[in-house]
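Once you scroll down, you'll see the structures, which are given as structure tokens.
The same chain A turns up in both complexes below, where it pairs with chain B and then with chain C.
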Partner chain A sequence: MAISDVKEYTHLSEEDVEQLGRELDAIRADVEESRGAADAAYINRMITVQRSLAAAGRVTLLVGAHARRGSRPAWVAGTAMLGLAKILENMEIGHNVMHGQWDWMNDPEIHSSNWEWDTAQPAEQWKHSHNYVHHQFTNVLGHDNDIGYGVLRMAREQRWHPLNLGQPVYNALLAGLFQWGVALHDLDLDAIRKGRKDPQEMKRQLRQIVRKGRNQILKDYVVYPALSGRGWKGTLKANATANLSRNLWSYMIIFCGHFPDGAMHFTEEELEDETRAEWYLRQMLGSANFEGGPVLHIASGNLGYQIEHHLFPDLPSNRYAEISVRVRALCEKYDLPYTTGPLARQYGQALRTILKLSLPNSMTAPDTPEPPSPPVERGRRADAERPTRRTETGAWSRSRTAS
Partner chain B sequence: MTPAAGTAPFAWAEDGTLDTRRVTQCALSRICGVCGAGLGRPIAFLGTQEEVDRNAFHAPPLHLACGERLLATGGADGAAGSVLVTTAGFEYVRAAKEDADRRATFRPNSLLRSR
Partner chain C sequence: MSDTALGWDRVRGLGSKLTTPLHPDDYLSLLNPLWSTRELRGRVEQVVPETDDAATLVIRPGWGWRYDHRPGQYVGIGVQVAGRFQWRSYSVSSPPRRRGRTISITVRAMPEGLLSAHLVRGLAPGTIVRLALPEGEFVLPDPPPARLLFLVAGSGVTPVMAMLRTLDRRGTMPDVVLHYSSPTPERMIFRDELAALARKHAGLTLHEQHTDRDGMLDLADLDRLCPDWRERDTWACGPGPMLDAVAAHYDAAGVEDRLRLERFSLALDGQGGEGGTITFRNSGKQVVADGATTVLEAGEQAGVGMPYGCRMGICHTCTLTLVSGTVRDLRNGTELGQPNEQVQTCVTAAAGDCTLDV
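Let's look at the complex of A and B:
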């Protein structure tokens, strides 16, 4: 559906939508004005904690590998610290730094231009596939490749194919191999399948991926095991376990952001003439939060505040908690849904969608929640009121030639 | 991503106007509006004195070297007479309904220098 067809906001007049936009602008301005030393201290503290965990994990594993006895506790502790370090680096640090959330600090290292993260996807490709494609075209079918990552059917509007029957298997593979799925994300498998991908650009991106992936494999599966001497197998297994934990965790957090019940999908009809307020609205209605304590939010890169992150992707992540109070109040004021719930429930709903949509629509029922208020007449036209959008001119050209 | 010799800079159309889709891509992918490659630090913005005074630029972020080259050649969007500012970061501001000019703007948030 186009944004103008979304029943969750058809009770708002155009002026209401613009006023909501102004109130969200005010939240943004407040955070920008108060951004300063405490925020800088936060990200520096996170980086210190993450690097300490990584170093302690590596050292513990090495010491355990060379110890004659009692290496099992060292293996468990080292693996846990390494897994946590990878999660922190990818979720709270890398993802947010690459959004430019900390560029204002003018730090030579903590800057969106310089940061290269500990995962297989090159930073440059992430900034295109995530910052631009996903954040600009959030939940817009045919544009946002995060809708199912090119392998899963995640919206009822997407056509069903018999291959979708394998979704439970594809989903398990995507979760376990998530960093490699993300590494291939910007290649845009759908564009390659349809022959729309520029071959030169594809080769350039593949070279980048191979170089980055090779370095990741060398680091975790060759260099550190080699340093462990006879205990190389234990170190290799520890690194694989840490990577798997990070993959499963980041997959779950990301799938909770846009696929629980209540997060909507859109079509492209109104992208071109969308105002800032409407863009805000699309971000709010297309995203879903989850609840939890401060540690859970840090470990998930503050993506438990996915709605706030999508409204203000370049504001510091440590401010999303305070922003969420004001955004939630605005949702209540304007009678808009604020999709949130416990992490397990949100992921359960995303998983149910994956399983249900492996079947044709005729065999399942939608899980869309009821919209809140009755609609009022507005200025913008709904999809049904708009002329059909043509994607080709062949029929028109042939009719002109024939006449 | 680097445009071929003789073609317009990445974020500009051949007629010298800004290509709005590419401007958005530059803003979010954090790539240079001239060469299309990843931005460095500092980030440069090229604009009129009025844009500098309002701290709201229409042209996308640039590499410092690309900005200086554009400034020197007076290329793209009538850069002659323009001012180059450098910053560590920027805010990308989409147009609101009441804005007469419906182009997005860039607000440098940590100005380093202007010339």
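Let's look at the complex of A and C:
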């Protein structure tokens, strides 16, 4: 369905949409204008807390491992600190820094261009598959590879295949091995299978992944256990547990972003004529928030404000809470849906969709009403009114070497 | 590099197996912000007032610093103001010392210079700043020439001070004439120290010109103040108009080879800042772009492999380092022109000539 066909949208005139776009631009301008010392202190504090947790977790585990009979409390405390550190690093720090949320600080150590995060996927590939492919083409079927990560069928519009019967299993595997799923994401296994991937580019990306993944595995499963002497098994298990917790947590948070009921999918016709205001609208209609306290929001990288994040991917995450108040008011003003709910319900809906769509459409009923109203003629736009875009998605990474 | 340093490097290399993808320094700097080689940093140890509007910052550089700057060179200093690092360059006023622990820069608060005012008045000892290694060709050769002339005005005295201190410390003060202009005696940075040096070294002659009372230096007076100026190697540092006049005077006398200039800042070239020649440093390519063509488009036209993503200012895939010059953000007209500033090439256009690191 094109955005002009979406039921929630058809009551808006073209001028309404443009006005909405201007109001969102005004929010962006206000936040950009008011970024300052307190925001800088926030991210610096977050990084200090995260690194201290990581160091404390590793040290606690080592000390515990060298204790005469192994120390259970040290193991639990160390594992918890390490797991939390990994979650903070990936969610509130790494993901957001790589979006350029903190580039305004002009701080070369907290910058999207050179941040490398504590997970298997090389940052450069993440920035392509996530910042560009996912954020520009959010929820556009056939364009946004994050719809089911090429493994799961997440929209009724996607054709059913008997292999989809295995979805509950694939889903469990994806959740448990999430960092490795993400690591392979930008390779685009589908393109490789169909022989459409440039072999040189594939080799370059694989080399990057192997190098990064090897260092990650060595660190958690060889070096630290080796330093633990006779307690090596405990350290190995602790590190595996920390990685698994991070995988499950980030998987769940990410699946709450675009798969609960109410988050819509779009088709590629929509991209043709899209203005900036319509891009905003697509982001609002395609994303879902979840509710929670400040600690939950920080632990989820403020992705509970997924709508705000998709509207303003490069504004500092600590501002999404205040932005959400204004975005919500705009949704009421323009009578647009603002999808949110408790974390458990949002994830429950995503999980239900995964299970349900493992079956053909004919055997299940849709959870959201079918898009009904006939398409509205919106008129074509002149080239000058369109945002300039590129549809070929590989050129950016090809321009760089493997180092 | 000494054996200890090599061994230490090896230890940190091994440590990185424990800290990957971070560096051990990222954890060490939690203990002491100076314990990192990732970026050059320094801690402000002292802020010494020199005049009402100028102060000397004594900075203790962190790991990775080399103290062997040449007298007269400048360093970049990055200070966080309202959360954002602002960069400026200032001459080092302390002499080079192999076993040094600190460097000094002397800053005058300019009437419209927010950063210089912050450096003079708003910087508390203990503040961590970023540093860039010394640069610049406005330096004293070693050994120094037999006869020198320094023409300085205002805070242009700072690089010359580093040279004089070096000559003093080495005990090799040759025949030096220093002509130093300043509005009033009170505004003269290093006035007492210069007077003391002149008393100590017979070879050093000091002319003070207080321009509020005596007016600007008329270069025709040089024949009287320093009759052999044509035979002296000359270093001039001060405001743009003064340097222009000095350069013209030396040209006219046919002795421009003797003259070395240091300009604090480049004046705007009066093009209205719209468009300019963009140089891509690594590929060496150049392209002339107008003020409406984005840096990204210009680079692509020139055949440079520009990174790009959304092309609408959102994804930051296209961010590059602006080495020099100024670009304008086409979304809001902001000018970005700090050295080594990160710019989004898809939404910026050249405002005058600029160079990018790609």
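Methods note: the second predicted complex is superposed on the first by the 366 of 403 C-alpha atoms of A that agree within 3 Å, B and C clash if a C-alpha of one lies under 4 Å from a C-alpha of the other, contacts with A are read in each partner's own complex, and residues count from 1 in each chain.
Simple rule for what comes next: a contact is a pair of C-beta atoms (placed from the backbone, for glycine too) under 8 Å apart; a residue touches a chain by one contact, two chains touch by 3 or more.
Worth saying up front: this structure is predicted, and the values here are computed from it rather than measured.
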Simultaneous placement of chain C and chain B on chain A, clash or fit: clash
Chain B versus chain C as contact partner of A:275, first or second or both or neither: first
Which superposed partner A:39 touches (first chain B, second chain C, both, neither): second
Which superposed partner A:106 touches (first chain B, second chain C, both, neither): both
Partner chain(s) touched by A:48 [first = chain B, second = chain C, both, neither]: second
Touched partner set for A:328, first chain B, second chain C, both or neither: neither
A:224 touches, of chain B and chain C: first, second, both or neither? second
Dominant toucher of chain A (residue count), chain B or chain C: C
First, second, both or neither for A:156, with chain B first and chain C second: neither
Touched partner set for A:212, first chain B, second chain C, both or neither: second
Chain B versus chain C as contact partner of A:21, first or second or both or neither: first
Chain A positions touched by chain B in one structure and by chain C in the second: 100, 103-106, 108, 111-113, 127-128, 131-132, 135-136, 276, 314
Chain A to chain C touching residues, read off their complex: 29, 35-41, 48, 51-52, 55, 58, 99-100, 103-109, 111-113, 116-118, 127-128, 131-132, 135-136, 212, 215-216, 218-219, 223-224, 276, 313-314, 387-390, 395-396, 399-400
Partner chain A, residues of chain C touching it in the complex: 17-18, 20-22, 26-27, 30, 38-39, 78, 80, 82-87, 130, 305-312, 314-317, 319-321, 332, 338, 340-342
For the chain B and chain A complex, residues of the former touching the latter: 1, 24-25, 28-31, 38-43, 88-98, 109-110, 112
List of chain A residues in touch with chain B within their complex: 14, 18, 21-22, 25, 32, 98, 100, 103-106, 108, 111-114, 123-124, 127-128, 131-132, 135-136, 201, 275-277, 279, 314
